[in-house]
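In this document, chain identifiers A, B, C and D correspond to the written order of the chains, with residue numbering beginning at 1 in each.
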Amino acid sequence: MKIHEYQARELFRQYGIPVPEDVLCHTIEEVEQAARKLNRMVVVKAQVHAGGRGKAGGVKLARTIDDAIAAGKKILGMDIKGYTVEKVLVADAVEIDKEFYVGLINDRNTKSVTLMASSEGGVEIEEVAKNSPEKIIKLSIDPLVGLLDFQARDIAMQLFGNMQHVRQAVPILKKLYKLYVETDSSLAEINPLVLTPDGQVYAIDGKMNFDDNALFRQPQILALREPDEDEKKEIAANEKGLSYIKLDGDIGCMVNGAGLAMATIDMIKLYGGSPANFLDIGGSSNPQKVIDAMTILLGDSNVKAVMINIFGGITRCDDVARGLISALNVIKTDIPIVVRLSGTNAEEGLTLLKQAGLPTVGSMSEAARQAIELSKAYVQK
Amino acid sequence: MSILINKNTKLLVQGITGRDGQFHAKRMKAYGTNVVAGVSPGKGGEQIDGIPVFNSVAEAVKATGADTSVIFVPANFAADAILEASYGGIKLVIAISEGVPVQDMIKVTPILKKNGTKLIGPNCPGLITPEESLIGILPGMIFKKGNIGLISRSGTLTYEVVNQLTLSDMGQTTCVGIGGDPIAGLYYIDLLEMYENDPETKAIVLIGEIGGDAEEQAAQYIAEKMTKPVVAFIAGQTAPPGKRMGHAGAIISSGSGTAEEKIAAFAKAGVPVAKEPAEIPRLLQEKLAFATR
Amino acid sequence: MKIHEYQARELFRQYGIPVPEDVLCHTIEEVEQAARKLNRMVVVKAQVHAGGRGKAGGVKLARTIDDAIAAGKKILGMDIKGYTVEKVLVADAVEIDKEFYVGLINDRNTKSVTLMASSEGGVEIEEVAKNSPEKIIKLSIDPLVGLLDFQARDIAMQLFGNMQHVRQAVPILKKLYKLYVETDSSLAEINPLVLTPDGQVYAIDGKMNFDDNALFRQPQILALREPDEDEKKEIAANEKGLSYIKLDGDIGCMVNGAGLAMATIDMIKLYGGSPANFLDIGGSSNPQKVIDAMTILLGDSNVKAVMINIFGGITRCDDVARGLISALNVIKTDIPIVVRLSGTNAEEGLTLLKQAGLPTVGSMSEAARQAIELSKAYVQK
Amino acid sequence: MSILINKNTKLLVQGITGRDGQFHAKRMKAYGTNVVAGVSPGKGGEQIDGIPVFNSVAEAVKATGADTSVIFVPANFAADAILEASYGGIKLVIAISEGVPVQDMIKVTPILKKNGTKLIGPNCPGLITPEESLIGILPGMIFKKGNIGLISRSGTLTYEVVNQLTLSDMGQTTCVGIGGDPIAGLYYIDLLEMYENDPETKAIVLIGEIGGDAEEQAAQYIAEKMTKPVVAFIAGQTAPPGKRMGHAGAIISSGSGTAEEKIAAFAKAGVPVAKEPAEIPRLLQEKLAFATR
């Protein structure tokens, strides 16, 4: 789960990380009020879940209240990579002497949280990693020990080289780690972390992602969720125990297991078809899930054929068959469906489907081929 | 021979009185797995399909000598169950539970290391040494004893591949589903090493996914250390970037973890990558024919 | 540092450990009000820093408001092992089905926090340890890992044997450990932890000690300190960097280092004298400390002679000498003083003392012998 | 020979720019200790008495090859300094700092164990191998090279005893002040084992205190494992119960940790206990005479 910059800044503040004053605005009137309240140079920043908003013109510096209003007018309502800007953050624009990057991320290789820091702040860390990897300091944090003072100090020393700044940066690093762990974060970046000409250290922009698996114990974070339309569908599916991602093809797929679902999509493409979605019904044997999944699938008007690919392990094929039959009793459709069942209780499932008059095939590739053919036939109707 | 488990493995089922635990305990036992005990706090003294249930892992290990444990408890209790197994003296833990918070696994990892406990999973289908021991939720009937080792980040995709192998009369030594979570226990390299040292295993199938760089690391390891042939398959070759596909593992971000990079790494290591699962048996046969020539 | 039961119960509540309702009372009027407010069977308990208050009559059950008033009258103002009872806790007297003990303590041998639990609650754990050690369950907690759920559950299961009670006891154990670590405790006991006939688990009496070395970072705990008169003197000495304990003899001692100070007292007793105090001026070289120490020493009217025993390591003998000379310039006294200086800068110190006309001796035993003789001579005057 | 330190020991001083750190760094150097570096964050590049100062332990170790560190930082920073030394590759850390919170030391202990770092202290005077290396705040002039090993929970009491030994012409191999805190690093048994294995050490003096049961454990260890003679002294024989005397160690509570129990334990182990420090040399001579008879 992602949150907006303004939400990350608010979390930073809660944990005692210094952030310049700001006001979230939804209208030009609010932008004007905010600029009057802050009463100095401000920066107006689009709040959207898309990278590269700076290049897209979504961030503007405003020296006067009129500038701020003009910036607000330009940014509010603009489109950034398909996202409409519905709110902007009007923030105190502190003067910047130097920009740094600090970030925390779950590291698959070390199986721990890794702290990354760089004196190249204000740009995407991936670019720094590509162009000057030697400028990234990395530290793998022992989860049982936490980020130790001396470790934070060593890193801050490498960035700032001045004890007066190091003394401000050490608690920022420690608090960011605390925030990260306590909120079950999977990414927490301060970029840039800035040093002002008068020697103050501030977090300017923040980016935080959270572990979806841990949201059950993070009500405060869950409350920050602001999904867009596509995400809302995915979340609704998730709440039903399904993993759903809309794609732009015409063959609806219902598969159990993420790997098999990906392989199914790959195969449809390999055979010249075009998948309408990724839909993983997961690993449990609940017929209701199949009903829910079919409802979502057939709710997509692009779908011209459905390929069901189940290899039963924890999922029982007879449950899937029962769910499918129930679903098709409720949702009347003329869209052709191809079903492939293998594994746990496949025999029982296939028998049920045959009794219900549903077409079944013997293998995944056969299912893909038939689904592609049927989708073309359906289009020709 | 085989790796990790065999007919002498004494299995404990944590969460045996839950819906899934109960169902799969019975199936594992029916397959022939030596299921010696179950654990469910407060249900000590009960029996599930003749399997004695204990209140704690420590009690179960003391009474039955269990050495391996499979975990079916809900995700929010999974990390504690893994640790209970580890502190209880279990040497191999298989965590089936799906949706375990990443920070829990990060915390568990160094403790298991200290205790000398091996972990497979979480969010994995388990492992099987065909005709000896099945641990987890794998459909036993598709496996067959033989000489192929298999490692996979996926669940059902593994079954698909195994099915192809068995239909092609290529049996398996041990098949391991390592799970798709970002922080997991045994991984490709650990298992490749075990297969390399297992005299029965003649070739290995490695099933990868987009996301992370474990496949790239495995490719390098194969090039440097493996004498046995390896064939790979990567799921998610056509997945759109930035989308998370079910597994926490299956996420592509910022130009790393893509299928292209993984396939290139395998090519460099001399590991053929199948275009679809059905191709794997043929690639294996070619590799084996070459190796025994 | 110790706290009272009522303070421990309040900390328990803060951490979510269930404790029956209670009111702290300083007067009979407050006792009556509390009894009326609780309006059911209550227990009136003396709040003093002394063990065995139950046997001393400091705890009384009261079924009526009149009973409570009578109990309050008896207990308020009573003397328990030299402590006058100035306040009582009037607490809801829950019915008790079974009593348990749970406690946490710093364990020198395992170098960790040890959890102790017993089904023999309500009595001193030391007695259980002596009479039926098999009834004490011990668990050494890995400080990097904390008390794990399954560990708390195993222990709770051994105590209660019933999941409904275990489910209540597990969070109590985990919260007690959290409280212990977060407050830098050195002892935290719930004794008894009780099970009521209707299956509820409550903490009834609590005892907590805290690490004096950590009070600098525990302002909330420090605010709970209620020292008696002797402790006030010790705390005042502590604040000056001195360790002072009043004893009942007539030879004042000023020593550097706790071990040497104890050995000095031992030697005075071995030679037939009687020490007036333990006074360790610690390990730093600050002449002011010596002045403060002499002020405290000579403030004790029992003192008939002073033995100063310094072996300089980090303490510099010349600093001690200088401090002593300054002190005796301020505090005019006719009490005889014997000084022994060895170690770091002893030569310089001895020279200073000789110049000031103060008697010095060559060894610790000589100093002890002379101090004893001088104390007797001083008495004869 | 000696234990723990000798003339090759390369010492780092953490907190070298503080009042005590600076004073004792100079004294140690003057004694002949090979003080190779100091650490004080933000003071890197400075020099103290010709000793180069670094910003971090890692830098200091890299530049000088320091293998041992002595810590003079204030109590609230001591645990972090110990860990910095340990992670920085230091193998022996001596923490002089007094007043370190117990929970800090409890947390530090398993990390040091994992990193393979030995700790002496905190709240200790340090250790010395006379005429080779002095680390800490011990007054060097009272020590003399010889064959007696000494372990003590106390500081100044140690000097008192050493003074008696040296005056009686009984020199020392290594004298270690282990500190009086409840949770400390190396303790009696660890050091007794080292002395037993040190060919130069002929007899050991053990100076204990009331509180805890470390002396009782040491007595049992001596009875079971030691071939070399040991003589003991216990401070606090006349201390009133329940009172805490300066050291966190020196507290007697609830019928354990009393001097009587400790003396009885030593008696049982055949270890003579001196009534006063001045008696120690005679007891040692008797034991040594008996051992060489």
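Criterion: a contact is a pair of C-beta atoms (placed from the backbone, for glycine too) under 8 Å apart; a residue touches a chain by one contact, two chains touch by 3 or more.
What you see is a predicted model, and the numbers here were worked out from it, not measured in a lab.
If you average the Cα atoms of chain A and of chain B, the two centres end up 27 Å apart.
Note: centroid distance chain B to chain D, computed from Cα atoms, is 51 Å.
Between the Cα centres of chain A and chain D there is a gap of 55 Å. Of all residues in chain D, those that touch two or more other chains are 107, 111. Across the assembly, chain A contributes 144-145 as residues in contact with two or more other chains.
An unclassified topology is adopted by the chain contact network, corresponding to no line, ring, star or complete arrangement. Chain pairs recorded as touching, per the definition above, are A-B, A-C, A-D, B-C, C-D. If you check the complex, the residues on chain B that touch chain C are 41-42, 55-58, 77, 80-81, 83-84, 87, 107, 111.
Chain contact summary for the complex, chain B toward chain A: residues 20, 24, 75-76, 96, 98-107, 109-111, 125, 137-139, 142, 152-160, 163, 180, 182-183, 207, 209-210, 212-214, 217, 233, 235-240, 243-250, 254-255, 275-278.
The residues of chain C lying in touch with chain B in their complex are 145, 148-151, 153-154, 157, 162-163, 166.
Those residues of chain C whose C-beta lies close enough to touch chain A in the complex are 144-145. Contact residues of chain C toward chain D in the complex are 106, 108-109, 111-113, 126, 142-144, 181, 184, 186, 211-214, 216-217, 243, 245, 247, 255-263, 265-267, 269-270, 275, 278, 280, 282-284, 310-315, 342-344, 363-365.
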